[in-house]
Structure formats: C-alpha cells, structure tokens
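Consider the two complexes below, in which chain A is the common component and chain B and chain C are the respective partners.
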Partner chain A sequence: MGKTIELKTTINKGNLNRKVFWKAFASGMVVLAALLSFMGISGTAYAIPMAGVGNFYVEFDHLAGNGYTFYPKMGESSKEKSTPQGTNLIKDLTIDHLQLYKDFNISGDKWIRVKIAASKPVHISGLQQDASVINADAKFSNLALKEKQSTDWQKQFQQTASTIELNHAKIKTHYLFQEKIMMNGMKVTVERINKPAN
Partner chain B sequence: MSVRQWKHERPFTGSLLTLLSGALILWVPLNLIVKAFLPGTASVIGILFGGMILLLGAMALFFPQFSKVFGIIIIFLSILSVIGALGGFLIGTLLGITGGSLMIAWNPSPPLQKEEDQIDAYNGYESAELVEAK
Partner chain C sequence: MRMQAIRVFTCLLVMALVYVPNQSQAKASGENDEGFVISADRVEGGIMIPQVVMGETSTGKSKPMIRFQYRNATLYGMKLTKVLSTDEGPVTVIMQAHGPVHMTNMSADASAFSLKGACLTAGKPIPDPGLKKVTMLVHKMEASKGELDRLTLTTVKGNHGQQRPDAPKVLQDLASLPLLEAKEAVGKLMNGHLPLTCEDKKEEKENSSVKPSSPFDDAKKALPVPSKVAIKKPDAKPDKPDTKHIVKHVKKPLDDAADPVKRAKKPLKDVADPVKRVKKPIDNVAKPVKDHVEKPVKKVSKVINKTKETANRETKKIKKTVQQTKQQLCSETGKLNGSVPKMFGLRLIDEAQKEKVALSSLCPNDKAATKQLKIVQSQLLKNLNLPSLEKDQLADPDLLNKMEKEIESHSALKLLPDLLKPLDGLF
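Moving on, here comes the complex of A and B:
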C-alpha cells in the first residue's frame, strides 16, 4: 500500500482578544471625552491654526494689548499666492465683543457666512495676524517707527509699541494664529447672507 | 518567511493605524512651522507627540512582544496630542486610540512545540513518575 505524505504550512498566527480591544478603546474614548469637555468648560483651545482660511474679517468693539510689533510682508490669501500684507504681533491682549467671519460664494449670487462670536471678553497670548486692511480708532504708547539696514526688505521697516488700544475695529485678515486663546461665551453660526462684506 | 506569515506574527493592523495617526498628528505642527514660522511651545509639543507615536508604531512591528506596553503609551500620547497638535484634526487621535487598542488586544501565538516533543507526543510520552510507578 502506498504511503501518502502530506505537507502542511503552518502560520504562527497571533490572535486578537475582542473583549480587551473594546475595553481599551472605550477607556481611550472616555479619557478623550473628558479632556475635550474640560477644554470646552474652561473655554480653552490651544494653538488654533487658521491658515488657509484667508481673507476673512475680524471685528470688535475694543482691544487692549501689550508688546505690539508690525512689519510688512508678502503672504498668501484665498485668491492669490502672494499679496501685500502686514504682520501684527501682540504678546497679550483682551478683546471685547469679538466677531470673526468668512463669506463663501456657494453658487451664482448665493452666499453663506460662517461666523464665530464671543459674548464675553476674549484673552489671547501670542497673537500673529496678517492683515491687508485695518480700520480702527487706535491709541499707542511708546510708539516707534524705525528703519533697519537689511538685505531682506521685510526687515527694513518695523513699528513697535509697548501698549496698543483699538476701538471699533474692522480688519481684513489673511492669517490668524494664537498660541493660547480663552474664548468664553463662544458661538459658531452658519447663515445665508445677501451679499459679502467688503 | 512569507509576507503573510510576517504580518500574522506581529500586530500589523494596529501598527499601520498608529503610523497613519502619527503622520496626521505631525502634519499640523510641521505645517505651522513651515508656513507660519512659529516654532512655539505648542508646535514643539505636537512634533514630539507625533514623532513618538510614529516611532512606537514602527517599533511594534519589530518588537511585537511589547505590543501591550506600546499600545497603552500610544493611546495616552494620541489623546494628549489634542493639546498642541489638535490631534491631527482629531482623526489622528481616533486612529491612535484604535491602533493602540488593537495592540493591547493582540496576543502572540503560543510557541510551536519542539521537534522532540512532537515525536514524544506521537510515540506516547511517559513521565519519570509514571515510569517509576510501573
């Protein structure tokens, strides 16, 4: 009688314990939810990058800050790769009745506005704002405008002030970054509008 | 060793999701530094967390025996990355939690019996005590 030799390849398989997986996953989600709700309750969001949003408007009733620097630059907007702008840096500031909005053309003459508003004072540290138009009633202390010898044109002119105060401001902004922002009473709305802001 | 066998001997899916998560978490702070020239504390924290997650995801492929420890650290870092790197717009955090959980739940297979043991098992192995009793 002939002998049959059977060759088998065995794969050394690891296995997955589904019960442990769901336990670990649920624990992770609970901790994440706790962290997010803590951030929500304290109104704190760290390092909010809004790069790429471009050409949006910032409006507020009053701004008080210290450690102000301004210099010109060429930067990106939603329409152009490179457009003339000014960079505003403020170390610490408080803003009353802040409103940020961006208008989108969805089709033909239909527009929508995404608006972020804060009903309570907003505290920011480490602000960088690139803007092309600033309309406001301004007040500075220790204001200095100076020229510097440099081959980089962006470093040839600078404006600095120890404190800055702006009232009834409307700023055409292209880039906004805050190292830390406390936005109590925040409200985000998306609504239809007849025509965009200019 | 075939690719299939290699994949089955380590927490492959968990590692893959973790690598994706690390890449997403890294993307936000790197973008901040490159585009905004803002190498602040937040960006550094984001890069550190994203880099660590990437490294742990890769290490789990080469040291599968430590997958449970790696999994716990990955979940922890993914959640903390919300601060500083926005958790790769939260998608990175969710992928990290899933990848880490898969690593924790992964068990290596029991080691294969040695050839001698297999022969003993085939012939009928008698322990020393049993021989003595006889």
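Moving on, here comes the complex of A and C:
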C-alpha cells in the first residue's frame, strides 16, 4: 500500500504544497484526536460519533453480531450535503482485525492515509453505521427483507436479521456511532499512498 | 354576477385539472415503487411449494401474492433492487451477490414474476423445479439462514431498478376483487389446487383449431374477467365482482370432475336392470331343470346304496381272506423249528405291528405258532442286545422311541454282525 510514517517523523518539505498538506493533515488529526480523547487510556469509550469528516473506510476480517437492521436514508458525505446511504444497526458485535482509514490528497497525486487499526478483537454495543457501499461475504440467520406500508419512505423497506456475520468486509462509511466500544491493541499510523482506486 | 360565477368556476376547474394529474402521478409513482425486484439467473433447490396469500406492500395492507417456499434453495446471479421515492428524487438500494446465495427455509411473497422451467399449481409441491431467468416483484422475503457470498450492498441516487415483471392473470383478477371476496377466492384456489401459470401454453392452445379443455380454463373461469365496459367508459360504474359468481366458477371444475362419475354410474344402472330381467328367465328355466334333475338324482342315490351294499359284502370277503391269510401265516409259523428265515420273521413282525399286538401274541389260538413266535422274539431281542426290553413291548407303537431310550442307556450298543447279514439269512 505505501510507506508507513511515524507521527513524529520529519517530512521532506521540498515537493509538497504546504498549505494543502497541513490542511489535510490537520483535518485528519482532528478526527484522530476526537476519537482518542473519547477512548481514553483504558481503550473503552462511550457514545462515540465519527462524522463530519466525509466518507472513510472500515475494513475487517470478521464481524459477528446480533440484532441487525438495515434501512435506507439520506445523509451527508464529504462531497454532498445529502446523499443516499444505508443505515446499519447492530446491537452487539465483535470485530477481528478492524481498520478504519481515511485518505487525504495533500497535493496533486500525493496522498496520505490516516489509519486506526486494532490488533485485538473490538467489542461494540449499539452500533450505527451509515454506509453507501458494503462489500463482504455475508451470513444471516432469521433474515427478513420486508416492505411496510408507510408514508415515510425510510420505513418502507427494511432488512432485519437476528444474527449477522461478515467476512472480508470493506465498507464505505459516512457516519459511525457506538454506544460503547472496547478497542484494545489500537495503533494509529499515517501512510503515504498512491492514489486510491476507490 | 354571472361572469363572476363563470370566473370562479373556471378557476376551480383549472385548479382541479392541475391537482388531479399530480395526484394520479403521485399514486402511479407510489404504485411503481411497490415491492423490490429480485432476479436470479437460476434457482436450484429441493421441493418448491407455491401458495396464494394476501400480503402487505408499501402502499397497501393486503394484496394477492404467490408465496414461493423452499426448504433449501441456491440462487445464482442474484440481484435485488428497491427503488424509493424521496423528496430529492428516486433512490435505489442494490443488493447483488457475485457468488452463490444459499437460503434455508426460504419464502418469498411475489405479486408479479416471470420464470422459466416450471408451471405452478396452487399448493402443489414441485420437486426441484430448476427455475431459470427468474424475476420477481417481492414484498416480503424470509429465510431462517441466508449466506450471500461476495455481497455488494449499495444505496445510490436515481432509479436503477430492474425491469418489473407482469403479474400473472390470476393475481391480476384477484387484485380487482374486494378484499373479503379476494380472500375467499384465494381459499378456493388453494383448496382446488388450481394452476397459477403457463398462460402462454393456454394461449397457444386457444389459437389452435382444437381447444382441449385444460384445468387453466377452469382456473380462469374461477375468477371474473375485468369489465371491458368499465375500461372503455370511465363514466360507467365498474362491475362489482360477484363472490357467488366466483364461487360458482371455482366450483365448476369440481362439478365437471363429478359429472363423469355420475355418467360412469349410469351405465352401471343400465347393466343392473338387464341383469334383473335376466334373472326371471333363469327362474323359469330353473324349475323344469329342478323337476327333471330331481328324479334321476333319486335314481342315482338308489344305485349308490346298492353299490355300498356290494362294497360291504366285498369288504367282508376281503376280511375273511385276510383272516385266512393270517391263519395260513400262523400255521406256517407253527411248522418252524426255532430258526426263522429273515424275510418270514420280518413278515411276522410287520403283522404284529399292524395288529398292534406283541409278536408272541400274534397267533393266540395256535399254540405251536405261539411257541415259535416266543423263540423268534427272544432271539430277536438277543440279536439286538436288548435283553432289558420287555418282550411285549415289541408290539408297542412307540417301540422306536423306547428303543432310542434303551439305546441311550446302552451307549456301548453295537449291532451284532448277524443283523447286518443279508436278508436271506436267519434270525
């Protein structure tokens, strides 16, 4: 993917557009700072929202949860004030090898990726994830896709399942909220990357 | 005053014209968004049971649908699209599996569908129908387990919905009925196991010169044809579908099925009547036959009695002969001098066995014979090395059993060589 840069590493200033870089870097740091401040030292945090930074990606090897609901909505993205998304609600879940990252264009074709990764399983309660794209191998039990009579279009279509299992997932996320998260073995990195394909 | 009224009326008319199309458009748009379309290149599975049910949609609480039920189903090339009307235009939810989709205990309620590979009959299980090019307008889909390999779930702007299939005639006709009547008709369809699809085949049959009556014709008759008059003349009141009419037509196939039974019963009656008519002449014939036969039978019985008497006489004669033969045997025995030829000895034993008497008592009236017989008996027992066996027991019908017991008590018994000699020897 690219070379990993430690947070304190001095970056070669020669070829960079300083203004663009610091703007992008600062916005990334704001996200991280917000997340880290919520998490505290114990690795457990309560009522964590991740929003206002546009879309970012969530990747993981395995997710197992229960109490799943999906319904469509309109929400904010990095480019538009209102864009179609799907809300995914999961009551309790455990994720193995979780990675959250956002890519920043610092100048021309130069990109960096700010990434948060957890080497240990992450336990979340009360997850809400608004995503426009989900790619995964999915398994559900007591799966139901239903229409409902309603004047509110968001309530006209719903997918529910008593349990959900996702493997090799990549989710384009616009909003993330957890009532409670336990994220041990967390590591924050900034990588220089080539122009992302997505 | 009149001008003012005309102006007001014109204003109202314009408002109404502006309002009405918007309403109809909204309604049409709402109806267009009903359901989500699921398509699959092919569906494989075990037994599939189609049922007719009333289900909920985004615009109504009760709509006639066909429920497709599978215990296990695998869908290849599955794609689901749901178009939703929002204030900012249409939005489409797309769920696509690039790998196979395995469903356990799956049921899908569809108000419209197109498929290849099977003709559906209400409530009749189809073993592994192997459906191909399936497209369904589904309102509810459930599965106890669902595995979707390489799933992509996206929510995008615009209408990216798949082409919606047409509703089968049966569902169209059911939808035109009032709710209660529709429910009643659904019950009739299910109970009657009436066909739900294969209209094309039916049309082909209709176009051909010969029109064989198919079960689908009856299924069609089961439901009222939507009123053409109502379509042509919007002012005219639409014909209210009559439940009795539907029930009558749903009943008709059953009546049609019952008629052949009645028709089959009639020839049986026709056969039964001649049988009764045939019975009379038989009675007329039986009497003379009885009269004629009775006399010879009496004659025959007389003859039989005579034959019996003759037989009795003959038996007495034979008995006499036998007695004479026995006397002869006894006199021959009396002439023996202690040594008995084997063949003669066996004859004596045989005779004693027949009369169930001891060998020594075979000729009680002949003293000389009895003496010789006693010698034979003792000699025989000696040869058999059975001295403990009582002599009278030789005539016992259970002799062999007793001998077996005796042999058991003399396990070292060895037949003497004399017994093994040829039959022309002496005891």
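Keep this in mind: the second predicted complex is superposed on the first by the 156 of 198 C-alpha atoms of A that agree within 3 Å, B and C clash if a C-alpha of one lies under 4 Å from a C-alpha of the other, contacts with A are read in each partner's own complex, and residues count from 1 in each chain.
The rule is short, and it goes like this: a residue touches a chain if its C-beta (ideal position, glycine included) is under 8 Å from a C-beta of that chain, and two chains touch if they have at least 3 such contacts.
Owing to the predicted nature of the structure, the values given are computational and were not obtained by experimental measurement.
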For this session: Using the touch definition from the top, say if A:S150 reaches chain B (first), chain C (second), both or neither.
Result: second
Exercise. Does chain B (first) or chain C (second) touch A:Y175, or do both, or does neither?
Worked result: first
For this session: State whether A:Q128 touches chain B only (first), chain C only (second), both chains, or neither.
Result: first
For this session: Please indicate which partner A:N142 is in contact with in the superposed arrangement: first for chain B, second for chain C, both, or neither.
Result: second
For this session: Look at A:W111 in the shared chain and tell me whether it touches chain B only, chain C only, both, or neither; answer first, second, both or neither.
Result: neither
Seminar exercise, completed: Listed in rising order, chain B residues that touch chain A in their complex are 4-5, 8-11, 28-29, 31-32, 35-36, 38, 40-43, 46, 64, 71, 75, 78-80, 82-86, 93, 97-98, 100-102, 104-109, 112
For this session: Write out the stretch or stretches of chain A touching chain B in their complex.
Result: 10-22, 24-25, 27-29, 31-32, 35-36, 39, 46-49, 51, 126, 128, 175, 177, 179
Exercise. Taking the complex as given, what residues does chain A use to touch chain C?
Worked result: 70, 72, 74, 82-86, 131-150, 153, 156-157, 161
Seminar exercise, completed: chain C contacts chain A in the complex at 33-36, 56-61, 80, 82, 84-86, 88, 91-93, 99, 103, 138-157
